[in-house]
Every structure is written in C-alpha cells, then in structure tokens.
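Can you keep this structure in mind? I'll have questions shortly.
Per-chain residue numbering starts at 1, and chain names A, B, C and D are given in the order in which the chains are listed.
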Amino acid sequence: MSTANYIIPKTQKAAVVPSVGGTLEIRDNHPVRQPKDLAPGECLVKLECTGVCHTDLHAALNDWPVPAKTPLIGGHEGVGIVVAIGEHTQASPVKLGDRVGIKWLAYSCLDCEPCRKGLEQVCDHGEYSGFTVDGTFSQYVVSWTSHVTPIPKGIESTEAASILCAGLTVYRAIKYSNAKIGDWIILPGAGGGLGHLAVQYAAAMGLRVLAVDTGSEKRDLVLKLGAEKWIDFKETKNLVADIKAATGGAGPHAAVVTAANSAAFEEAVDYLRPGGTLMVVGLPGHGKLTADIFFTVTKSISILGSYVGNRQDAREALDIAARGKVKCFYTVKPLSALQETYEGLAKGTVVGRVVLNMQD
Amino acid sequence: MSTANYIIPKTQKAAVVPSVGGTLEIRDNHPVRQPKDLAPGECLVKLECTGVCHTDLHAALNDWPVPAKTPLIGGHEGVGIVVAIGEHTQASPVKLGDRVGIKWLAYSCLDCEPCRKGLEQVCDHGEYSGFTVDGTFSQYVVSWTSHVTPIPKGIESTEAASILCAGLTVYRAIKYSNAKIGDWIILPGAGGGLGHLAVQYAAAMGLRVLAVDTGSEKRDLVLKLGAEKWIDFKETKNLVADIKAATGGAGPHAAVVTAANSAAFEEAVDYLRPGGTLMVVGLPGHGKLTADIFFTVTKSISILGSYVGNRQDAREALDIAARGKVKCFYTVKPLSALQETYEGLAKGTVVGRVVLNMQD
Amino acid sequence: MSTANYIIPKTQKAAVVPSVGGTLEIRDNHPVRQPKDLAPGECLVKLECTGVCHTDLHAALNDWPVPAKTPLIGGHEGVGIVVAIGEHTQASPVKLGDRVGIKWLAYSCLDCEPCRKGLEQVCDHGEYSGFTVDGTFSQYVVSWTSHVTPIPKGIESTEAASILCAGLTVYRAIKYSNAKIGDWIILPGAGGGLGHLAVQYAAAMGLRVLAVDTGSEKRDLVLKLGAEKWIDFKETKNLVADIKAATGGAGPHAAVVTAANSAAFEEAVDYLRPGGTLMVVGLPGHGKLTADIFFTVTKSISILGSYVGNRQDAREALDIAARGKVKCFYTVKPLSALQETYEGLAKGTVVGRVVLNMQD
Amino acid sequence: MSTANYIIPKTQKAAVVPSVGGTLEIRDNHPVRQPKDLAPGECLVKLECTGVCHTDLHAALNDWPVPAKTPLIGGHEGVGIVVAIGEHTQASPVKLGDRVGIKWLAYSCLDCEPCRKGLEQVCDHGEYSGFTVDGTFSQYVVSWTSHVTPIPKGIESTEAASILCAGLTVYRAIKYSNAKIGDWIILPGAGGGLGHLAVQYAAAMGLRVLAVDTGSEKRDLVLKLGAEKWIDFKETKNLVADIKAATGGAGPHAAVVTAANSAAFEEAVDYLRPGGTLMVVGLPGHGKLTADIFFTVTKSISILGSYVGNRQDAREALDIAARGKVKCFYTVKPLSALQETYEGLAKGTVVGRVVLNMQD
C-alpha cells in the first residue's frame, strides 16, 4: 500500500442509514477503512465536499425496484484527495495526492459486453456509490483507482461535485440527443438543479435552447445562462402549441425530460418535430413513460434512456465546466444539514444544488 | 402527355368506401383519370395486383387519430405498368411501360426539412396511398413519377406487392435497430405477415433470430426461414426468462414489436439486453406504449418509432427479395374478396398476406 | 410562366469566357433567357451580388480533370430575387420575389442512389453553376426552383454570397469531422477566405480551435473570431511538435485541410491524435494526397473527402450566419473587377472574399 | 498466484531473434517465466498452436518505422490454456484452465482517451505481442488477463489462431466500412490469407462480394466461399472499367485494400462509387497511400485506417467463426518450419495461413 505522509484517522463523521427505511444518523465515530485493508485496485479518498441528489433520497428511502445495501452511507458526488492506494494495485491511473471525484458509477468491470462497447454504466458487474457500496456522506470513502475521476485544474471542488452527477447526466443526455448546432432543444425544468446545467451545456454546443419552467427568477436565470426562448408553464394555455410556435412551428428537435410523470413523455411525443429525440433521464421510484404508438411511429420519434455517463463523458463534462463554459448554482452546508436537505428535496423547495462541506 | 400505344378505358373496377364508416362497394364503373388530366409529375399506373394490409382496414374504418379522405379507394401495395405520364413532367425517373410499385408513401415534397434529411416518410407535405389520396384497390391509379418504385427483374409482381409494405416496414425497422452481425434480434409474431419477412431479412444480415409466435406450423415455417431459436408464447411459463435464456442469458440486442398492446412494450424493456433497441412499427387506431422509466434509463434502452420506409429503403427491400433472399407467403384472390379479407384481418384468421389480382 | 410585375430586359452585363483558355470578356449585351423560354422547374434570378472563388478560376482556366462548358459564364455564389418561374413547374418551393442563393450545386435529380441517400453533391445527374451550366457572373441567371437556396432574414446579400460556397464548404467539413464539443480542431490557413469562416463555425459548436497561418494581422483576426490557440507556420521550427504541444500533447481530434499540396496531408496524419479525422476539401487542378500507410492504419486515421454541401447543409450554414454567429470578411467590387480578382487569387494576394455588385 | 495442478517447466522451445536483423534461432532451453514471477494482472498461457503472419516478418526484419524489442520472440496469433495467474490479480475475467487466444494487441490500459472511447488498439500505453513484448513463438507466453481472448466452444484452436489476427483484421475493416446488406464490397486479394476470410465475413453480413485475384484455383475457392462475382486481374484489360461493370456500373460501395502499393489506393478512389469507403488495413514497412485530391473530394470518398481490432471485435470475429459462418484455410507445421514460412511469405508462395503446432 502507498500512503506517503497522509495520516489516516481510525474514525470519521458519516451519515448512516442503519436499516431499510431507518432514520438517517450522523455519527462521529464511523470506522475508516485503513490503507492496509484496501484490496488491489481500491483507493481511499479524503473528501472535501459532496453534493446531495434526488438519487440519494431514493437510496435512503429504498423506494426503487432494486434495493440499496444497508446499513448504507449514501452520496455519489464527492470530491477529495487520494490518500491511500491498495497494495498490488495494477497500473493505477491516479496517484497519491491527486484530486479526484466519486461519481454514481463507482466501478465497472471494463470487460463485459456493455463495458467493451463503452456502456460502462450498464456493466454486468457495476457498483454504485451510496447504493451498492458506501458513498460520500462520510469523510473518507473507499473507491476504485480505475473509476475515480481526475478533477482538472481551474474548477472548485464544490463546483466539480455537482458536475459529477447532475452535470454529467445532462451532458450525456444532450450529447446523445442527435441535436446539432442550430437545432432546437427543449429543457423542461430548465431552472432546476439539472436544468440550469443543461441550458449551459446545450448553449455551449450551439444548440438553441427553449427553456420551460415557472417564475420570473428562473426565467431571468435561464435567459442569462444562454436560453434563447422561455415558456412559463403556469402561464401558457396550450403548452404544446406554444412550444411549436417558439421553435418556428415544427417543434424542437430534441427534449431532455427529467420528470417522472407519464404526461411529460406523452406531451413530448406531441410537441417534438418529426424525427425528434426524447431523452429520458429521470430515475423515479415508480413511474411509467407512455407515448401514443401511432404518433411515435408516424413522427418517427426516438425515445432514448440515458443513464448518468461513462468515464469519458465525466471527463468531458468536467473539462467543459473547468474551462468556464458551465457554472453550477449551489449552496454549501455542513454534513449535519443532510436530513433537512432530503426534506427540502422531497418538498421541492431546494434551489440549485446543495453541496456538503465534509471537513467542516 | 405521353401515352404511347396504351389504350386507357374510361371506367374501371374499384373498391370504394363511399363515406366515413360506410360499407365497401365494389364498383365496375369507377372513372379512370385520363392522361390529359394528369398534372405535371403525375403518372397513371395500370395495376396487375395489390396487397391487402391492416393499414387498409384502419383507413376503411377511419379509426385512426388522423382522418382518411372520403370517398376512399384504399390500397397501398400495388404493382403495375406506367401507362401515362402527365404533360410537362420534369425529368421523370420512370418511363412508359416501366413496371413500378405504389407504396404507402405516395408523395413527399423532397424539399422540406424532413425530406432534405432523408426522412421522406414524415414529409410536411406527404401524401399516402389509400388514405389521403386514392390507392390501389382499383385497376388504374394515379401516382407521382418521383415516388413510384421501379420493380427489379427477377421478382413476381405478386411477391413485390407485399414487399412494398410489409417487407419495407420490417426491413427498415431491422436496418435501423442497431443490430449487427451476430447480434440477437427477437421477432414477436414471427410467423405472421410482417414477421415471416422480418425473419428472412434479419437472417440475411447475419443476425441471430429468436422467433416468438405460437403453433407448430409457424414454428416449422420460421425455423425453415432462418430463425435460430423459437419460443411458443402459449407454452412458456415465463416469457421474459425464456427469452433471456434463449439468448445466452442477457436478452436480445433488438426487438421489432408490431403489436399494439402496451404489455408488449413493457415486456420488451424487461427482456432486452442493456443498451438494447426496441423498434416500434405498429399503427393501431388507439394504443399507448408504456415502459418503466427506471429500467428504460438504467438499462439505457432505445425505443425507436419506425415508419414504413423511404424510397431508398424500398429499393433495398425489393432488391434483396429479387435476389432470392426473402420470399413472401401470400394467397392471390380477386378484388371481390376484399371485404372478406378485411373480416379475416379483423379476426386474425388471415395466414400470410393476401394479394388481389386486379386484372381478374 | 409567372412573372408578376418584373420587367425582364433582353440583354445584360455578363463576364464570358468564350472558349477553352480564352480571355474573359465583360459584355454588355449578353442575352437574358426570357420567362417564356424557361423549362418546367427552372427559374430566373435577378442577381444582386455574387462572390468570386478559387473554383471559378479553375473553371475559367479549365485546368481540372473534368472540362467546363464553353462559352462559359462562371460564378456560383450569387444572391438575388426570383423574377420568373417556368410554366408548368411542379410544387415550387420558392415563389416570385423570394430572395435566393445560387450555389455550386445547381441541380441534382433527387432520385438517383446518391440523392436518395442525401449525397446530392455527387448526384449522377448533377449540374454545377458556372461550370456545367452558366453561373452568376451575369445580371440574370437561370437555375432550378428545387435547388436555389432561400436566404433567411437578418443577413446581407453580400454576406450570404460567401456563405453559399466558402461557408458551406467549411461548415459541412466541420460537421462531418466527428469533432464534438471540447475536441480540438486544427485549421491550417485559418486567416484566409475559407479559414476565417471555419474558425467561427467551429467555435460556435464548442470546438477548441487551433489556428495555423502567418502574420500578426491574421493572428489577431482569428483569435478575435474565437480561435483558442495560434501557430505562425513561418515562425515554428517544428510544426508537428508545436501542434501536438498546443493541444495537450496528443494532437488535434480533427483537421480541415484546404491546401492542395501533398505535404499538408502527410503532416496531418502525423500530428492528428490517434483516431483523428482529416477532412479534405480542396479542389486543385492536379494534386495527390499522400499519407503514410503504416501510420494511417496504426493511428486509425480517417481521411474524408468533403464536397461543398447539400441543400440542408446550405440552410444550416446560412441560418447560423444569419443569427450572427459567423461573419464574413469581404470587399465589394464591380463586375469589371473580375479579371483583376482572378489575378489576385492566382497570386494569393486577395484578403478575405471578393463579392461583386451585379447591379452596379 | 494460482497454478492449480499445472506443472510449469523451467525451459521451453522458442524461436528467438537475438538482435536487430539477427538470424532466427529455434532454442530448446528458453526460460519459462514462473508463476511466482508474474505481476498482478499477468497470466501464463501454455500454447497449443500459433499462426504466422506477415506482421511477424516485419517484426523479425525490424523494417517498420517503429522498432521491435530485441531479443524478440515473435508471434501474435496463439491459442492455449491459462496455466497460471499472477498473485493479487484483480477481478480476472479468465480462470485457470480456460482456453484463450493471444492477439496482436497484448495490452491496453483501458483508461486513456482512446481506451475510454473504445479504440484500445491505439492505446497510449499499448503493448503488442511479438513486437513490444515477447509473443507466441514459444511454448509458454506471458500475457494479461484483461486482454487474452476467451475462445468459444465449437472452434478448433488451429482455426481460432488465424481468426485472432487475419480474421479480426478483415472483420473489423468490413464492420466499419459503412457497407450494408445488398451493398457491393470489393476484395482485392480475395483468394489470399486475409482475403478468403474477408469473403466469408462479408457474405455473412449480406454484402455482395466482388472478388479480385488471379488463377482458377482462387476463383473457384472464393466463389465457393460466397463471392458473387470474380475478376482475374491478370486477364482484365481495364480493371477499373471491369469493376464498375461488375457492380452495375457505379462501382462498389466499399473496398478493403490490404496491399502496400500506392497504385492500389489510387485505383480504389477511381473505381469506388461516389460516397464509397476505402478501408486501409495493410502494414507495410514503408509505403504511402496516394489518392487524387480532386476525385477524393468530388466523389466524397472516405479513406479509413483500420488497425486489427479491439476486444469486442475479437469476440465477434471468433463467435461468427465458431458458429460455422467462416472457415480458415491453413496448414499445420512444427515450430521448426518458421524460418521457411517467413521465406515463403516474403516470396508470396504461402497458400492460406500457416499455423505452428507448439506442442509438437
């Protein structure tokens, strides 16, 4: 094992869900896995900060069709420093002292059919931070040298944290949406945590952004971030008609829908331009997408599930942000604010992203 | 106008739906549009035969969300001879005496955005045979020189008729399914009118075909046509599990679903391999596709609406058939059998395709 | 024929090359094809202005492997007003009074295999402005309603003229270069007529532009237009090494090479990143591209011929410019300046593009 | 380390090139790396057989622009059994006793940009069997668990050996050639070691194969293997014209050129259909590809370097062969025949592939 000069404490602060449906506990004395106990390929990361995400809420509530481990430390948007690497690790792409990110996809085998085809996110042997393995709501996290993401210079760790999940998710969705420079993309929820990042990534590629959300604050934000047009869904009398009108009559070429309700998908098939693409990126506990078969066929609509992103997508999303093309709006809080953040997420009252300072 | 030596009668046999929901009438004295009345770009085709299709039934019943013209002559799978071309027609790709096919897409403008991008099927100004314009259930049909499909040598007109709709539809769906040589494709309804053609096109591309249908007759047929595995959906206790097992555990790479019921789509998201593609090709009067959002995303499934095919797809589908790679199973009947054929289609008792002899 | 209120003169000013290798003559009394003599599908355009291009020089010199017509009126970057449409024209996408552009590809059949696949530029029956048919160095030009390009609002005709050839050519090359947001693209000759447009299109898509040219004036220009890095090829001691260094060590992902000398291509295979793409867009009279086979293979380089662009590419290139993302640097001159412009192009002393005012 | 019951000898037979340009020596007492000396991630494979390839000849002669290691054991088409795995190896995809193949690409880091994008062949840290590391002309070879290729059931080891290099190379080239079912592909050298495999892969995908080679023996072979047309290049008076005629006048959609001479590439740009693709797969010591710039552009030709294949390509190529779609013609010889095989390859007198029995 390599540990250089890093002093690794025996215990740490961590937010633990002790059992299925149990109450979140902030503990001071959670054990830290020691360097000598790391397997080959594993590394220990001392976290500076970590974002909080809707996905964490699902993991904590265990309301997905696939169960989370318990006891569980959630969190999958962490940034920190590599302070130990397991002995006998082969050809690690990172070294001690590197600043790295922990993302949702903690591990993929890089060998199965999906991995060989670049679809690491759907690896047959994938591990997921804060879900199948302990995540980043702790001061130290164990991860894999092959999958921690080097953080480029020029970006704050708190900023990078949100890019690692929200930014990555929307970046990949836009990248695979078939939309090209000059094409219209519609972003329902454009003023939200994912949406405001999507506006910026889309604008940076030369897409024309139609932002949909509500309220003048969000309107001003998204127009400043690069959206070309705005529709307040509470003020429109006919959303589909207004969307078509805003995009020259034919409707947008692509939509990135993060919502979990069936209506959002049916509507999208309605307002998309023939040949258009509907990117599906939400991960609700339950929820079906529905679409009219007749119009899906006669409009030749593509409905594409897009799942976070692979290692390359993560590098690209970070690089674009580090070069100043994308800025995240977030608030920094202590780990103790996690429970109230969950409650805010459940109620929909969280503005921007929340990032926890793990060394606080 | 060019008419060479063709003698064009004033009246013809035709099957007419006189009004919305009206009874089909076989008439002997339906007028034939005369060569001098053809607009530039139009041509008159003397039909040898025409296929009958589920789509015609929808047009006749007028049960789609978009209304058909009335009075209506249905039919969109016709093969015949060009016997007149409108005066002042520019650069016609066909000439008098050419054997050509009439397909569902009767006309596209070749100028709008979808047309410029090769998506003629979703042209802003499209016309559809037997739906927005009169079709092939008559002895003479007016169509457009730019869109009639030259029929290659080496294929019977009766065979070509079915390729022009059923063959084209499944050919395009398979072509755009992302499936490559050695990949598994599942074809529910493999023994049916579309399915048995799909089996052959898929096998000709080197795909491994898992055929799903019921009955030993269909089983024998599809295995003979090139399917590698067979599942009788009436005999399986767990269709999804059996499909996965038949394809090495991971599920097929692609599915072509022609059914109209929601369950078929939900099931497909379930059994498809991560990264897999679900081609949607049915055109039910009403019907929603539904899919679990969580699994569509976490399996990165693509759901693609595929609408018949464009002029190039039609050429390819015919060329493959003309070279003997695909054979259609059909029965030839007189035009007077149209009503009973509709009834058979509605009940699901039609085996293979029905082709009407229009000169009978 | 439709002519509305337009008065069409019998004669016009035109620049004519009377015979192969003959001297360019500016004539005052060249006949104008009259509306009644237009074939169906043809239209008459009264030109406001037209760009001058290297291609015109080749056509005038007749030094390509394929001969130009003679006598020849050159020119293929014209903008003007539709003043007549041939009688019996089918479904014209333009109408009298529309402002339209004439581009290199004057006509494609929209029916042959390349056309059906969207490769109109390589149509089996293509016609080329100022090469196989008379072009825009005259006050009136006959073209085809299906291929004149509607000019969007918000762009000057003189600006649009250059986009129709130089802009279109580089836009398509970049669009098909496989380069994505955040990728490096190298543009040798970035400060020239094609290059300075390429810089802007590339930047608008989020590409990182490495501009290569010489002189501080060009340097200042390209950096202002969005290039991120600059190399003066006259000042570098090792161009390949400097290019790699400027792009993080690995070399650019894509190169758009407009030069005609073999060395430029060999060099590109050398400096491109493994997996990189070399876009070939020049049209020299004679000239071979050469590349080391060993490195083309072991670096998996793609070398792609890119030929102007099709109707959709032209719409996109103009739309991007009309929205202010791309500005052309050009000088307006009278038609009488054509010969001196040719001489300037041959000597390489023309700065930016030259646009001729055809109503002067 | 895991060694189970395998007894690993201290020495072995091996063919060694002792120094740059030195004479090949068949040694009986070459040391075998012992299991305890394997690094994590390495494995020891006991070889059954290994193919001999032109590439080995280049490595032995050291006539490439990149030098081979010395002393060198060549060979990169081996099949054998995993008899040891390095201690502390992480998540090995293979286990003791597995039958695996050794291919040209011995190792890629799976982390660099090319690797993350699926271009493992151009990995920044790649290792190549029989070139940068010792290869398969020995009874035991050390390789990497992440890159040895599991050999599917149903294929002889001697057959698999040739698929691992020749088969893989042509399979990938065809797969990336953009040719689709019904398209024409031309295979110069169709009767040779690579060519006869290419014929079969192409036919299995539904491509129409135009085979070019010389002699009635090769003609009979390729027609039996699935070629549709044949041209004897020694008998034709105008190869380009004959190729166009054989493919309906327009030329093939794709060409796979393995030759090293410039003329073969220039010719291909000439005979390919507009929009066609030229796959470059040869690895000559020296040699330039040249192409006319004017026609590369005006025909929109794509020239693509294709370098062996990645892990997924290898699995696919083997799977197709194991299912009986592709058979290799080869002769089995003892290791002592290596030198004479090299001489035969240099002279061009080797028919089919030569496979060495390593346990002989």
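A few points about this structure:
Note that contacts are C-beta pairs under 8 Å (C-beta built on N, C-alpha and C of every residue); 3 or more make two chains touch, one makes a residue touch a chain.
By chain, with names taken from UniProt: A, B, C, D = alcohol dehydrogenase.
All of these numbers come straight from a predicted model, not from anything done at the bench.
Counting C-beta pairs in contact across B-D and across A-B shows that the higher total falls to A-B. Spacing of subunit A (alcohol dehydrogenase) relative to subunit B (alcohol dehydrogenase), judged by their CA centroids, is 42 angstrom. Residue positions of subunit D (alcohol dehydrogenase) with contacts to 2 or more other chains are 113, 117. In terms of inter-chain touching, the protein chains here all touch one another pairwise. Subunit D (alcohol dehydrogenase) meets subunit A (alcohol dehydrogenase) in the complex at residues 39-41, 87-91, 93, 109-111, 113, 116-118, 125, 146, 310-312, 315. By the touch criterion given at the top, residues 175, 180-182, 201, 204-206, 316, 319-320, 323, 325 of subunit B (alcohol dehydrogenase) touch subunit D (alcohol dehydrogenase) in their complex.
Residue ranges of subunit A (alcohol dehydrogenase) in contact with subunit B (alcohol dehydrogenase), taken from their complex: 64-66, 113-114, 117, 119, 121-122, 124, 250, 260, 262, 266, 273-275, 280-307.
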